[in-house]
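The structure appears right after this line, and notes come after that.
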Amino acid sequence: MIEVRIHGRGGQGNVVAAYLLATAAIDEGHFGQAFPAFGAERRGAPVVSFVRIAERALRRRNQVLQPDFLIVQDRALLKVPGVLDGLRPGGGILVNTSLDAATIGEQVGSAVVTLPATQLAKTHLGRPVPNTALLSAFLTLTQILPMDALTKALEQKFRGDILERNLRLIEAASQHVPAGHWKERAHATGA
Amino acid sequence: MTELTRGAFAHPGTSLAFKTGSWRVQLPVHQHRPAPCHNACPAGEDAQAYLGLLATGQAQQAWETIVSANPLPAITGRVCHHPCESACNRGQYDEAVGIHGVERFLGDEAIRLGWAYPVSRPAADARKVAVVGAGPAGLSAAYHLLRAGYRVSLFDSLPEAGGTCRMAIPPYRLPRSVLDAEVGRLLAAGIDFRAQQQLGRDLSLAELRQDFGAVFLAPGTQKNREWSIDGAVPRDLHVGLDLLKEWMTVGSMIQATSVAIIGGGNTAVDMARVLRRCGVPQVHIITHEALPGAGIPADDAMRAIPREIAQAQEEGVIIHPHRGIRRLILRGERVVGVEMVHMKKLRRPDGSVERVVFEGTETVMHVDQVIPAIGQQVDDTGLAELLHRQAFFAPDPQGALSGHPGVFVGGDARPGGGSVSAAVGDGRRGALAMDRFLRGMAAQADVAVTAVGFEQLNLNYFESAPRGEAPILPPEQRKGQEEIEGGLIANQARQEAERCLSCGNCFACDNCWTLCPDSAVLKTTEQAADGSHYVFDYDYCKGCGLCAKECPCGYITMEDEA
Amino acid sequence: MRQALEGSQAIARAVALCRPQVIAAYPITPQTHIVENIAKLVADGKLVCEYVSVESEFSAASVVLGAAVAGSRTYTASASQGILLMSEVLFNIAGSRVPIVMTCANRAVGAPLSIWNDQQDSMAVRDAGWIQLYCADNQEAVDTTIQAYRIAERTELPVMVCVDGFTLTHTLEPIDVPSQQQVDAFLPPYHFARTLDPMKPISMGTLVSPDFYPEARHSHHQALLNAAAEIVAADADWCALTGRSQGSLVQVEGDADASVAILTLGSVIGTLADAREMHPELGTVKLIRLRAFRPFPSEALLQACAGVTDLVVLERALSPGGGGIVGAEVKAALFDMPNPPRVHNFAVGLGGRDIPLDIYPRLLQAVRSQSPRPFAVFDVELDKLPAEDR
Amino acid sequence: MNTTSQTTIPIADLRRSQPRFQGIESGHRACLGCGEALAARLVTEAAGPDVMIANATGCLEIFTTPWPESSWRLPWMHSLFENTGAIAAGMEAALKAQGKSTKVLAFGGDGGTFDIGFQALSGMLERGHNVLYVCYDNEAYMNTGIQRSSSTPHAAMTTTSPVGRDRMGKRHLKKDILSIIASHHIPFAASASVAYPSDIRKKVRRAMEIEGPTFLLIHSPCPLGWGHDGALSIEVARLAVQSGLFPLIELERGELIGTMPLRQPRPVTDYLRLQQRFSHLFKDDSRAREELEHLQALAERNIEYYGLNSNRDDPCDSEGADTVRRGGQRWG
């Protein structure tokens, strides 16, 4: 089972990201579960969502306290207390930033991969919505699901031009991170 | 055992099992009460009843309803002073219903369309009765006796029936064609009319009493009352009624330039109007009474019909009300003037009325004729044994003459008479009394039932509507014998009938049916046996009294539960 | 076929499969996604029905009541304050014996204001006379919603399908959505014997005097007791049709001979099941889930508790000043057993407090280390309170 | 004189053959002279058999349906005090979904309409349900024993607006519900009075023909609550109209399109004097006189605002007239 925690802000599509990832997994024949850490937050406030992917039915419904991976939808969130809490030893952190991994790594002291997802989103979508770029990068890094699974998940959610733009975005994002960099870690969790 | 339904639902209309009538302490009842027009009619017509029939398009039934009391509606519709209209409750709302116009319309319609009187010819072996005098009282008595199944012989001293109507009422008020038609139709209904049979000359009372089971005497008043001023009379004195009769039978009239007529009754007014028609320039009526009008008590007003008085004034007749003649001014034996004085009837503390002459109010008026029109009395020829030198007979209210079983009297020959409709009423009552007499039954007094008052009606439900008026001849065209007042046309008559408030009678307005919160009033045109169109379902009537309060006609009253 | 669906979305699809003719709802977190999804199905023409956007939950319940008696299958959903605002109507619906299905997206009841999950809302109206079924996961929410219509319409009782707010309603997971053919085969068209009809008019909602009121109440009580058989039959028939059983009245998993058992309602069962697998060293434990809370499944509960010496009853609500609502009812039911288990009654996860996996060992430790206490809020942190409130 | 009504056929048969639709049967337990019972009877009569009724808690509900009895011959449901608008909305939605043309009527008193049920009513109107909502306005909570409502007129005495040293009955004004209702921009809203049954009938028929929400406010005297003889219920209602205190008006989409004109407005004292609830206004007291003047001013304001005082045909002449005609022709 892989447990992922996604940190973002209200309005960034944090829950959508979690749902897309779990949907991709379920459509690939895995078991998946995604849910937000529900809050009454408004646009801009820090929010959290969770994804579990497993090979057997998931029954637990508690929050992901010890994620294997963290996806952080903007760098400023790293300063929010608790964002990095509970990351399993050897776990990976994917951060949306235009800074390089080394710079961020100094800040968080762990295995960090960075992706200029907002920039990429602005380029390809015309809007600063980084979530699909980050998912693409995450799948590229872990290779737990083929990129095609994300494509299909996006096809369920989007149509037309916006779908095309998203597909170009995830293609571009996947080029930005080292493929299979977290593959070993992902497989070690039993996914 | 009642079984609970799922969710406690109930079936439709099951509340009928609960008889809310047990809550009642008062119950509504339908109570027919006379309308004031009915009580006021001397002839006994129930105007409310026939107005209702005409309003629903049943003209012939309406006429039949009239003739069940008065067989002469075309006549009374013209000449009656219609106290019904004075009594009409609608008069307190806007204007009284024009009842006489409807009566006249129906009478004329009957003549025009030949509606038969609802009587059948008497059986050959039916008992015989005699009626003396073919004026309105005698005609009425004969008709009602015919209705009761008797063979009726009607005697009159004149060649034609009609009595006062023929002799004293000018044709401009009652065209002869109408009189002839109505009287003729009535006689043709089965009355054995024997003309030119004068009592004391051609037949005797004793013979009549011998040949007939009962006798109704309606001889009228054929004898002039004595008249003088302090014993003085002009040599060429003419009496009003005689002049009238003469004018109507031979068309002659005295010549004069200024005439004073003494009296306040119909004869005085008719006399005055005829004189005007005959070209007399100045015609005065001098009367003790007041001009009728608002606030004038009935016993102080001129007895002539108010509309006739008004028409007379329109025609130039000058009326001097509250005046008496103090003195005749004579030159030789001819009159050249009268001295008048103001006078009034004043009520004494004990209620009686006294004529008071006011000194210092004397005035003199030059006239060349003085015509008394102060009334007649019964001519006792052939009747002396019954009259005992009295001016009038004194029968009981039903017309029976005390001490003379089988003899009944009515019309002008009894005191207080003087109107055609009263005479018609006398005839009807007399006929009923004769019938009871012949059947060996005790006489039955009329039961006086109080009429429905204005305050017992609910006027919220009536629209204000102007009274329909018949055309009237302008004064300048009133010449000769042409009838002055026209009749209502059919639409007008029906509209007038619809103005009737139906006092004391159900006219099926649906108010009680519509307004009962308990649906305890059921509508049934055919099934209600009490004259209404509704029945109370006392199983559910809670006795709230709403129906009684909202009945427009005062037909529902609340009574305490027994 | 399994699809990735958010719980609310899955419930909306299940509702649509039941072909309701009138839907009335007022939005409240966390029920909103359900009614939004239904509104979208209606907007897209995928569900043909009258969707009445009422001005309050009170009217939502009233509209479906009016519609149901007028002959239409109905649906509504609410949560928390919304359920309480409905409560007068809920009693009225049940007392009128009208078949209505609603989803309660369980949420705490303020004050203090909380939008998060517990079951205080449905527990507060447990006496309204509705059938209450609590779901463990979203698949069960789907299947139970469909079963609920059949149960409601056969028993002429309203059914409240209780689904933990957020925990289920906002969780995306794989769902096997039944086909329309399956649902049509299972659920006949709506029929309500007392449908208001101008051709056969009846009066509903009458005044009942003391002469009959106790009988009316008894009848309602008896109807709920009798409904247990319909709940069992609905699940059995559904299982025959789809291969999925959702646990009838009481669902039991784990070793039948276990002397320790944990009893819950709703979605927390899944977390406990995973934790139990993770901790075989803690011995055999039986997990008991009350799927039906009304009617209260006393008989099935007693069977499930056979051989149990320690029974942990977990509450997602409480009766302040009284204690555990479920605990009290369970204890009352166990009173008839010859050797009833000791009952350890805890409230957990109030107001959305996460129920972590380690609650399992902690609960078992508590059972072993102490004699039963009447009732406690399990994860309460007393040092957050002023001294007098601890 | 007849003291019993005689028929030649059984009265039960006669009852069954009445030439009108009978929506509410006899045997209900309304007080003597109940205006509400009458109004509901008139409304159902005019609305006809193809209707379904949602009825709020209140006198009408209580007195018509003490189980196992019901006075209704129509499909009828009582749910609660405050949800009638919503129950009716639900019925309407269901009938619409089933493609049925049965019209839904909602009945409530002034408490269930002006006050506690106002929200559900407003929602129903806003959503455009095809429902005729009829409010039987007897101007207080009569079912619970005469407590004031927001419909209770100014200065009226109720058990919760009593008269005492410091008070002359209700301090506040009667809520202008019709204006509020009309502000929902509904196709038809009107006031009516039991004193004018033809007018009620006309307005009900009109509402029945409209596809959409309509509202009828019927002034329905309560002999118990107003303190008048039950026989005077109609008289009192009529005077309320004729004094201008209860104007009969019609509104379409919020615009005034018709009124019952008053040719000769009656002084409000004619109306008030008949009712115990205003008896304190006839004491020799300067505050009482002031309140009488106040009520007269309110009536005059209505007359002026709605243009009631006119020389147009008076109510007796106009369409919907309650002029009686021989043979019940006004119902023709």
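A, B, C and D label the chains in the order they appear, each numbered from 1.
Convention: a contact is a pair of C-beta atoms (placed from the backbone, for glycine too) under 8 Å apart; a residue touches a chain by one contact, two chains touch by 3 or more.
Quick caveat: nothing in here was measured; it's all calculated off a predicted structure.
Novice: Report back the single chain whose CA centre is most distant from the CA centre of chain B.
Specialist: Looking at centroid distances, A is the chain farthest away.
Novice: If you tally the C-beta contacts for B-C and for A-C, which one comes out higher?
Specialist: A-C
Novice: Which chain's mean C-alpha position is nearest the mean C-alpha position of the whole protein set?
Specialist: Of the chains present, the most centrally placed is D.
Novice: Express in whole angstrom the distance between the two chain centres, defined as the mean CA positions of chain B and chain C.
Specialist: About 91 Å, centre to centre.
Novice: Which integer distance in Å separates the CA centroid of chain A from that of chain C?
Specialist: Whole-Å distance between the two chain centres: 34.
Novice: Distance-wise, how many Å sit between the C-alpha centres of chain C and chain D, to the nearest whole number?
Specialist: So the centre of chain C lies 44 Å away from the centre of chain D.
Novice: From the C-alpha centre of chain B to that of chain D, how far is it in Å?
Specialist: 49
Novice: Any chance you could list the residues of chain D touching two or more other chains?
Specialist: If we look for residues of chain D contacting two or more partner chains, we find 64-65, 67-68, 70, 72-74.
Novice: Please list all residues of chain C that touch 2 or more other chains.
Specialist: Within chain C, the residues that touch at least two other chains are 96, 201-206, 208, 212.
Novice: Spell out, as numbers or ranges, the residues of chain B touching 2 or more other chains.
Specialist: Only 2, 8, 10-12 qualify.
Novice: What kind of graph do the touching chains make: line, ring, star, complete, other?
Specialist: other
Novice: For the complex, which residues does chain A have touching chain C?
Specialist: For this pair, the touching residues of chain A are 15, 18-19, 22-23, 26-27, 31-36, 38, 40, 58-63, 65, 153.
Novice: Enumerate the contact residues on chain D facing chain B in the complex.
Specialist: For this pair, the touching residues of chain D are 1-9, 11, 14-15, 18-20, 22, 24-30, 32-35, 37-38, 41-42, 64-65, 67-74, 194, 197, 223, 229-235, 238, 314, 316-317, 321-328, 330-331.
Novice: What part of chain C is in contact with chain D in the complex they form?
Specialist: Interface residues on chain C, with respect to chain D: 21-22, 24, 49-50, 52-56, 58-72, 74, 88-89, 92, 96, 196-198, 200-209, 212.
Novice: Which stretch or stretches of chain B touch chain C in the complex?
Specialist: 2, 4, 6-12
Novice: Which residues of chain C touch chain B in their complex?
Specialist: Residues of chain C touching chain B: 95-98, 156, 193-194, 201-206, 208, 212, 215-216, 219.
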